[in-house]
Each structure stands twice: as structure tokens, then as C-alpha cells.
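Labels A, B, C and D are assigned to the chains in the order they are written; within every chain, residues are numbered from 1.
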Amino acid sequence: ADFLSLADYERQAQDFMPHPVYEYIAGGADRDQALNNNRTSFDDWQILPSVLNSFRQANSTVHLIGQALAHPIIAAPVAYQRLVHNEGELATAQACTATESQMVVSTLTSQPLAAIGEQVASPWFQLYFQAQKQQTLQLVRQAEDAGYSALMVTVDVPINGLRIRAQKAGFALPPAVRAVHVSDAPPPLIEANQSVILNGYMAHSPSWDDIAWLQQQTQLPIFLKGILSTHDASQAQQAGLAGVVVSNHGGRSLDCLASPIHQIAAIRAAVGGDFSLILDSGVRHGTDVFKALALGANAVMIGRPIMYGLAIAGALGVAHCLKLLREEFELTMALAGCPTVEAITASHITRRP
Amino acid sequence: ADFLSLADYERQAQDFMPHPVYEYIAGGADRDQALNNNRTSFDDWQILPSVLNSFRQANSTVHLIGQALAHPIIAAPVAYQRLVHNEGELATAQACTATESQMVVSTLTSQPLAAIGEQVASPWFQLYFQAQKQQTLQLVRQAEDAGYSALMVTVDVPINGLRIRAQKAGFALPPAVRAVHVSDAPPPLIEANQSVILNGYMAHSPSWDDIAWLQQQTQLPIFLKGILSTHDASQAQQAGLAGVVVSNHGGRSLDCLASPIHQIAAIRAAVGGDFSLILDSGVRHGTDVFKALALGANAVMIGRPIMYGLAIAGALGVAHCLKLLREEFELTMALAGCPTVEAITASHITRRP
Amino acid sequence: ADFLSLADYERQAQDFMPHPVYEYIAGGADRDQALNNNRTSFDDWQILPSVLNSFRQANSTVHLIGQALAHPIIAAPVAYQRLVHNEGELATAQACTATESQMVVSTLTSQPLAAIGEQVASPWFQLYFQAQKQQTLQLVRQAEDAGYSALMVTVDVPINGLRIRAQKAGFALPPAVRAVHVSDAPPPLIEANQSVILNGYMAHSPSWDDIAWLQQQTQLPIFLKGILSTHDASQAQQAGLAGVVVSNHGGRSLDCLASPIHQIAAIRAAVGGDFSLILDSGVRHGTDVFKALALGANAVMIGRPIMYGLAIAGALGVAHCLKLLREEFELTMALAGCPTVEAITASHITRRP
Amino acid sequence: ADFLSLADYERQAQDFMPHPVYEYIAGGADRDQALNNNRTSFDDWQILPSVLNSFRQANSTVHLIGQALAHPIIAAPVAYQRLVHNEGELATAQACTATESQMVVSTLTSQPLAAIGEQVASPWFQLYFQAQKQQTLQLVRQAEDAGYSALMVTVDVPINGLRIRAQKAGFALPPAVRAVHVSDAPPPLIEANQSVILNGYMAHSPSWDDIAWLQQQTQLPIFLKGILSTHDASQAQQAGLAGVVVSNHGGRSLDCLASPIHQIAAIRAAVGGDFSLILDSGVRHGTDVFKALALGANAVMIGRPIMYGLAIAGALGVAHCLKLLREEFELTMALAGCPTVEAITASHITRRP
């Protein structure tokens, strides 16, 4: 079988994992509306090339929070990577090293932070706030100690979204796969007449105050992950954070959420040029990366493709996915007449009429 | 079989009732355009969450005509509920009690108003004007005597819509099921050259004068049910009514009618903040409830799902439907960052681009 | 089989005629784009009812060029009606009489004008300009003599459109069916280097001068049939004509033409309130009639349904189609709260969002 | 089998060539989005006819760079025409002569420029810049010597697009078919850490300076082929070029590119009336030609249909395709009321609502 694009990986991934696991990974929240919109929303934009530009100095480097990335495609934090390959996050780390890609490691990693940190230079750590501040702090310290160079606090799933597909398929974590750094949250406690959702599960959801507290505990630059509104992006900027990830969690939190690619331009307009914006959710093609950057993102992340590459061919599969995407992106730069990422502006993009 | 959402109930309901009955309940007017648009119109809106808000005081209570409802999901008036379950409206009443849901009882109830009133606290009564004012008044008195706390006058079907699906399936009321409080209307009388529709069936259609008359007969707050235009909503407000139900009768009156979810924002703008707006027609999901409220509704009603729950599992089925919907709604509040219904504003919603 | 709407007639008509004849009648020009758009364009509009209006004086009468029509649904000029029923135009005439419908008779009628005029009160005559003025004049005189009360000059097919479906099906007029009042046009004559289309077939296409000439020959009110632009409608008005038919010839002339229902509002705005506008092309339902009137038409015509009714049940079939459509229209008036056609205004209509 | 339109040729072409060749010709870049959009974008426009105009002086002649074309339909440069017919470009040239069509010959022609020039009057030459200026100049001189009357420099594929369909089908040029005037480019050379795409393949991509150089080498009028932005069109105009071809290379360069038919109006507005604009990509029907001209093009080109006609019936097939398209175009002029191409203005066109 040919693997000429991420679509090929996506199509064949089902054959490389048990069906419930596939449903857990591939599925979105509820009726998959956000999931499907994430893909089709990219089609709402078309590219307007410019011709005859010089490519003497061409390159795809981007600069973010003082770091230079060889290209703007980042491996998103994805939990439990040992679900689909025994080496899990370690393999992904090797693939990122091989392809000069930035890696973000989940709080729910199934391999130790330190071991991952040995396979890839200065990864970033995705943080889920824990029920107790002390637990949260311990996670941060472990990341710092292992040389992680930024924190990405995920704020869009204070409570799990509905996972109808996973539920119908009977998905459960196999005993051999677990989050090595965190333990299960206690069941929610509510009083009579209280809502198990609004008052139970949401009791420990983090707030802006908790973000301020976190800033005081660490020197690492902090991103908020899961922002869709201009208001929240501006608030993050005013709070002195490093940037935000414009994301709907790959369509896995709340169905009906807007697509990041439709929000990114307004958010860039709101925060101005100097605030880092990373976009994820539905990025599958080099043209998607180009569109995200043209509309204001500094970089993008991919989630599910990591798991598909891992399932099909381990570190090699992940590396091939990242390489394919980078090549597609650079080909898009070439055909669109943009020799550098700075040249990828809104004038190279138009709404599909 | 799993019942994880109202869609599961809807899908399986057909197996729990004779086909003609299913066609009568599930069908819309004519070619089902309004029916289908009611559903897809919700997809025209997407949700923009805000993050990191405090949920300390979170709850889903709404206030309407001086009454506090535990949540904004109301059981719509649906005729002849004994069609699908022997206990009919009594079972629905029990389910509303169990789930803290407001119930509205149809003029065409197949169980006595008084008996229903014993199963649920302060239900509302849906009124169809009768050919004779005396008959209309008698219905109102019966509702008042049984402790009903509001009237909902349905004004969007002065004449029955075309029910092609029910007609093709050969639907007719079985002898055992009948409207216990009203008797059949006499066949229309017309003169030569008159239209059986415009002059016959429409002869006794109610007018604004009849509404004014009704206001003089009762102390109960009155809603008009079946409003789609800003003009009519404003006229209802100026007439001193309690509110209106923005509805196209679940797509059962006139095919081609606009969808309530597309009219609600303009109507809210026309009447200002202090007039009660209830929306129905196509509400099937917690995100639908959220969108309706974000666009200006105070509460929503569901019609067909009541019949599906009833058909599949009686009072338990109806209660489960109402519970599922409330949980989806509260989950949407949580993930959208809205701790109370007051926080659900237009800034949390955006047109699908 | 049930015949509850024109859709039922349309679906079953194929079984009542040879396939090539069906393709000739049902087909549009070329790829059927205009044909299909004609139908779907009606769906771009939705109805906003108003409630609680008095129907004391309700009726569906319209006034046009000084004539009162019992309702606004007119039988369009359709050629060769004997193709599908031996009595052809005579049966259609009887059906129009039975249903109080205005009839328009084609230049290409397969029954004599005079005989038709005996079956229906004051029909209108649809005129195709002939290669010779004398032939044209003779047609007009025959119509005048037979009591026809208006002329409708068709201007949108100076040359036949592409009829791919009819051509592929091998359609040809059977020997027994012919236009009884006109003879075949001579083949086009062109010089070397001339275009057989632009210089050959178009050599005898009528111009505004010919219309002026016609006005001098007759006292009958004249409609132009086949107008889609505001410019042409205004020119017809300034020329002193009685009105225009906003039409794309049922999608049979040029594929890609705009749909009349999308042009009618702009044309009404251009000509003001006092100029008669009739709309055809794709009208199949009472709600279509309502929408056309709400957007500015005074009346509508139906073409193919006449042939379907005729094929399935002769005069009875045509009458039933006209009756169904009128009843649907009056039901729409009732449910939309419009007791008269004057009440059907743009405020009762909205673009589907 | 009937061949009544280019669609018939397109459908049947697959049976007249090996599957990999068909995939190479029919396919677009990557996922075929640009390819498919090219077709559907034409449907976004509809035609508004005007009626009763005089066709006394009707004709379809256009004037371009001082040359009179009998009609505005041009055979686009298509490489390797011997792939589908042994006579290749020679047959196409004969067909252009027979149908009074302008021909453009590709740099990658599989027949000698001189031999083609003997079969058709003053063809144009499509130029791809070669790695060495000297090679480029030699091509220009060969074209000049063979009587070619214009140059068309293709600028939208400095690097080949992704040809997933051709790749998956295993397409390769058969040994018997080759570009007779150019030799293969050397493989790209890059330094460590350079991108094979951005620094390797793009090393020899032409720039505006190269265009200026070319203008100094030749007297022939020069078109740029592959322009989609107003900026580039204006720059071409200011550089003193003869015109541009608004094109996305038939959807073969970069997927996601905008459709030329959606860009042409803005480009015409930017360059004013005196600069030649040719449109290609997806033109398949006479109404497409009409729409392109109404929106501002002076002429159109067709690419793939040439290959389909050639494959099915050699010179005769190509001639028949060109004749069909011209007849459809003239029929469109007739039914839209435009006796000359000058009459085809924006007032005859409207966005599909």
C-alpha cells in the first residue's frame, strides 16, 4: 500500500489497532460535528499564489517564544501513546528529533517525562490542572527537571466531552497502558439538589486565578491550549502568558464548537503581531498549514496523525507523517510564491466564494 | 440497545408503534421541508466557549412568569398521548415530576386534566379556541379548577396542515384514543362560490379580539404559541400577554415556514429583555437548548421526543429523555464556560461561516 | 396510486407516455441546470406567517389587465398537447373551465384556436413571430376572431435551445400530431463565412420594432413572455405593453439562466406596482404560488403539470392538478394569515438563512 | 455512441487510452479540489438574457494583440500530445485550421515546432524557462523562425505539483513519446540543512527579472500564463507585457487554488479595458465561454478536451470538440441576446443566489 499523504495513514490506521481503540482516537465529541467541520472548514479558504518571486533565501523556519523551529509543524500532546505502539511517546520523540519537529508531551503520557526528554531536545509539557495544587506543582517540577522548555495548560476540557463512539465501541484503557505521572481523580461529591455536572465534576475546574498562581511557581513560558474566542486570547495576553493554542481539542470536547481556522484571523487581529498563536484541530495537509499561517497562526500542531503513524510503523511512521506534511507545506510555499513564512500573509488567501 | 441520546430514542421509536402512528407523529407538513430545516438550522450556529470561569455557584435554574424552573426544558403540549402508551399523559406527568420539568397539557389530551394535575405540580394548559366561545371558556375553567398555572393559546394551526405522510400511511385515531375534553368540530358550511378553505374551515379561526376576550375571562398568564414574526411578538407584548412560543409547530403546520432558531434573535431584539420567549421545533440536544438560550429564548419545549420516550418505556422513557437532554445541556454549559443560564449570551455563539 | 400533489403526477407521468415524449416534455435545455434550479430556487425562500387575522372577507381573486381571475394559477401555453392525449388542448380548455382557471393557448397548438375557444371563456393566445409578418398577422386575426382576449408574445426562444435529453431519446413528433395553424420554417440561408446560428437561424428573430408593429395591428393587451432582466421589463412597460411573463421557459431555452423567482422582486421594484407580472418556471406547489406573489408577481403559470395531468387522466387530470394547486395555495394563505392576495406581501417571506 | 457535447468526449475518453495516461491527463493536483472547483465555480454564475435585439450584424469575432480570431476559443498548450494519438500536435494543428481556432504549442511538444507551424497559421508558443538562459533563448528563436506570433510564458509551475492520481496509477512517459525540443533538467543540488524543495527544485525558478530579460530578446508579444491575483496582473501590465492568462493550470499545480472564473472580474477591474486577459481551467461549455467573457476575459483556452478529442478521433475529434464549443457559445449569444462579443457584458450575468 502507498503512503503518499496523511490521508493514506488515516485510512489505513484502523487495520493497525483494535476497533474500540480506533474509535477512541478517531472519534470526536458526540455526533462528530466539530470533528468533521474541522476538516471541511479548511476548504472554505483558497490560496492566491503570487508568481516570479525569488527563492534565493528560501526557508521554512519559524520563531516562537525565543526558540527557532526548523518548520512550523508541532506534535500535539496526545495521551496514552502506548495504546497503539509499545514504545509510545519514546517513539514519537525519536521521530520529532529525526524531522526537526517540536514535541509536546501530555500530562497523561504513558512514558516517563524524563525518558522522553532524553530522546528529543527541549520538548514542551502539556499540563492538566489536578484536583490538588500540590499535585499540579509536582508535575511542573518533573517537567522542569527533565529539561522541558515550555508549559501548555489545557483549559478546554474541565470535564470530559461526550465520547459516544468510544462508548458504543466499549473502549477502556487496557491494564498495560496508564498515565505514569498522575492517578485517577476521586469521584465527584455533591449535595442534594446539586448537579453532578455543574457542581460535581466542575468543582475542581481551574480558573484565571489558578493560572496566575502557576505563573508565580515557574519561569517557563506558558501557553493556554483550547482558546476559541478573541476575549479569552486577549485576556491570556494581558495576563502575560506566552501565547495560546487556538483549538477545539480536535473536536473532542464539545460538539458544535467553531473551527479554529475560522477563528484564528479574528484572534490575530485582537492580539496584534507579537503574541504567539498555535493552531490545531484538523490540520492534515501542507495547504492547511499554509492557510493557518496566512490567517495569523505562527505554527500548527497535529494530534491524531501522530497516533496513526505510530500504530502503523512506530517512530518511522510518525517521522514519515511529519516529513510528508513538511514537504507538502514547502511545496505549497513554492507554488504560492512565498519563500519564507513571513511572506505567507492574508493576501495569499481568499474565502471560497 | 443503547440509549445515549435522544437520537437513539428517535431511531428506535418506529419499532414501538404501528407504522401509521409513527408517520403521524414523526411526519411534518407536506414535504417535510420545515421539519428537516428545523434540525439543520441548529447546525447553522456554532458555540464559542469561554474558559477558566468559576463554577462555584453554578446551576441551570430559569425564571419564567414568576415561576422558577429547575432547568429550561419543558414538555410541549402533544395531543393524544395514549396513542403510544396506555397511560398517556399521566405517565408524562410522572416523568416531569421526576425530572423537575415543566409540563404543558394539550387541549386534545387523552387523559383528564384533573387526573394529570394530580401527577405534576402546576402544569400549564395549551388552549385551542373552539367553535363556540362557551366551549372555550369551559376548557379554561377546567384547567383553572385543576390547578393549572398558565395558558398557552396555540395560534398557528387555525386549519390543519397537509399531513401527506400520515395520509399515505392511512393513519386514523383508534377508537380507544380520543380527546376527553372536546368534541369534533362540525363540518364547514359555505355558500356557492366560496372557498371551503378560506371561508369554510377558517370561519371560526380566532383573532386578536378573541385573545382580548380571553384575557378578560381569566387571571392566568397567557402565552401565544406559534409565533415567527417580530410583528406578532410585539403585538402580543403590547396586548399584555405573558410571552410567546416561537415555534413552527414542529414543522407540522405549513411546509416552508422559517425555523424558530433563525427568528428568535430578531424577536428578542424586538421585545426587549422582559418578555418571556419559549422556543420549540427541532430541539433534540443539549447544544440546541444552549443555542436557543444564547440567541434569546428563556426556555425550550420538546414535542416528539416525549412520544418516543413514552412509546419505548412509558414514564421511565420520558424521564430518561428529559434527563439526557438536561445533562447534555449542563455539560454544554460547563464546556462553554457558562455557570448560569444568565451567562449564556450571544457572545457564546457564532454563525457557521 | 394516490395523487395528493403535483409531485405525484410528475412521478407517475412517465408511465403514461412513450419515453421519448416524456424526455421531450420533462427535459430542460442541455444539462438541466436551469430546470433543476427552477425548483430548488423556491426553497431559498421561506414563509413568515402572521397570526390571528380575520378571514371574514377571505378570497383568492386576482385582477389582471382588467380581468378578474378566480385565482392566480394560469395554464401556460404548451405546444402539441395531443402528444399525450387525443383531445389535447380541448381537454385542457375544459379543465380550465371547471376550475375557473385562465388558459393560454400556444401558437403550436395541435387543436384549432376556434374549437378551443368554445370550451373556455376568453383564453389568451401565445404568439410566436413567424418568418413573414403576414403569417404573424394571420395568427393574430384567428385568435381575435375566436374571442381570445390577450396576446402573449414569447421572446425567449428566437432559436431552439439544446434539447439533449429529447435528442438522446430520439424524440420526433408523431405524424398524427402537428401544429394546426403554422407550417415549418424554411431552413436557414447563410453566406460563406457566416454563422448558421448567429446569421442563419437568428435572421428572422423578432426585435422591439416588430413589437411596436404588432401593437399597431391589434387592440388586444400584449404580454411579453420570457423576461428575466429589469431592463427588458422596464422597456416593455415604456413601450406600453400590458405586462410581462418573468420566465426562463421552464428551463428549456438556455441552460444557466437565472431562476424567475430570484428575479421577480427586482423586476417588481423596477416597474412599480401598476404593471402586470406573471411568473412561471418550476411552480409546482401552493407555497410556490404564495412566494411568487409575495415577491411581486400578480399571477403564475404552470406548464409541464398540464401535460402530466392530461397524460394521466385527460381533462379530469388537468382539472385535478389545477384544483390541488389552488387548494394548496389557499391553505397557504390561511396558515400564513393572508385573507386576500393583496395581503401577500414581502413581509411574509424571508431568505432561507 | 453520441457525441453531443464535450461532456460526452470526457466521459468516453478513458476507453481510448491506457489508465495511467488517463489519470495523468484527467487528474488534478493532489486531492483534485482545484480541478473540481474549476467546474463547479462556473455554476456560481447565471446568465441574464436580454431580448428582442437585432442580430443583423451578428458575429463572434474577437481581437487580441492586434490579431483577429474568428471566435474566442483557443487550444491551450498541452504537453506530449503524441501520448494519445500518433500524430499528436500535428493533428491538433489541422483541427485548429479547420475550425479557425488559435493554437498554442507547448515547450514540451512531442512534434517539432516547425512541422506544427506548417499545419496552422501563426500559432503561439508556450515557453517554460530552462535552467540555462541559452536554452531558453534557443527555444524562442526556434518559435520565431517557425512563424509563431506570440509567446506565452508559463509561471505557475516553477516546481511540479503533486500528481497523486498519476503516481498511484504508475504513470510514466512511454519511450516513444518525448519532448522534442528540451532535455531533462538535472537533479537538484542542495547543501546540508537546505530544503530539497525550497532550495533545490526552486533554484532555477524564473523571476520578474528574467521576464524583463526575455522582453529584450524578442519582438513577439508576451503573455504570462498562470496568474490569479490582481497584483500580479497589474505588475505584468506595468512591465509592458501583452496580457496574462488567468489560470490555475487546470487544477494541476497547487490544490486549493482559487478558480480563475472567480478571479477574472477583479483582475479586469485592476487592469482596465486595454490589457488582454485569457482565461482557462475548466472551460467545457459554450455557457462557460460566455460567462468568462461577461466577467472580463477576451478569450478562453481549453486543455484536456484537446487530448480527449485527439484520443477518440485524432484531428477530427479535436475539430469536433472545437466546433461543438463554438456552436454552444454562439447559441448562448443568440439566446442571451448578444449579437457580438462586445455585447457580452457584466449586465448579462448574475451570481447564483
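The criterion applied here is as follows: a contact is a pair of C-beta atoms (placed from the backbone, for glycine too) under 8 Å apart; a residue touches a chain by one contact, two chains touch by 3 or more.
Quick caveat, the model's predicted, so the values are computed rather than measured.
Between subunit B and subunit D, the least number of touch steps comes to 2. Interface subunit A/subunit D: under half of the residue numbers present appear on both copies, so the contact uses mostly different residues.
The two copies, subunit C and subunit D, are related by a rotation of 90°, based on C-alpha atoms and rounded to the nearest 5. The greatest centre-to-centre gap from subunit D, using C-alpha centroids, is found for B. Centroid to centroid, with C-alpha atoms defining each point, subunit B and subunit C lie 42 Å apart. Here the spacing of subunit A and subunit C, counted between their Cα centres, is 59 Å. Residue positions of subunit C with contacts to 2 or more other chains are absent. Chain contacts here close into one cycle, and each chain has exactly two touching partners.
Counting only pairs that meet the touch rule, the chains in contact are A-B, A-D, B-C, C-D. Residue ranges of subunit A in contact with subunit D, taken from their complex: 2, 4-5, 7, 43, 45-55, 58-60, 285, 287, 291, 327-328, 330-336, 339, 347, 350, 352-353.
By the touch rule above, subunit D contacts subunit A in their complex via residues 30-31, 33, 37, 41, 44, 155-159, 161-162, 164, 167-168, 195, 197-199, 201-203, 205-208, 210-211, 224, 226-229, 231-232, 253-259, 262-263.
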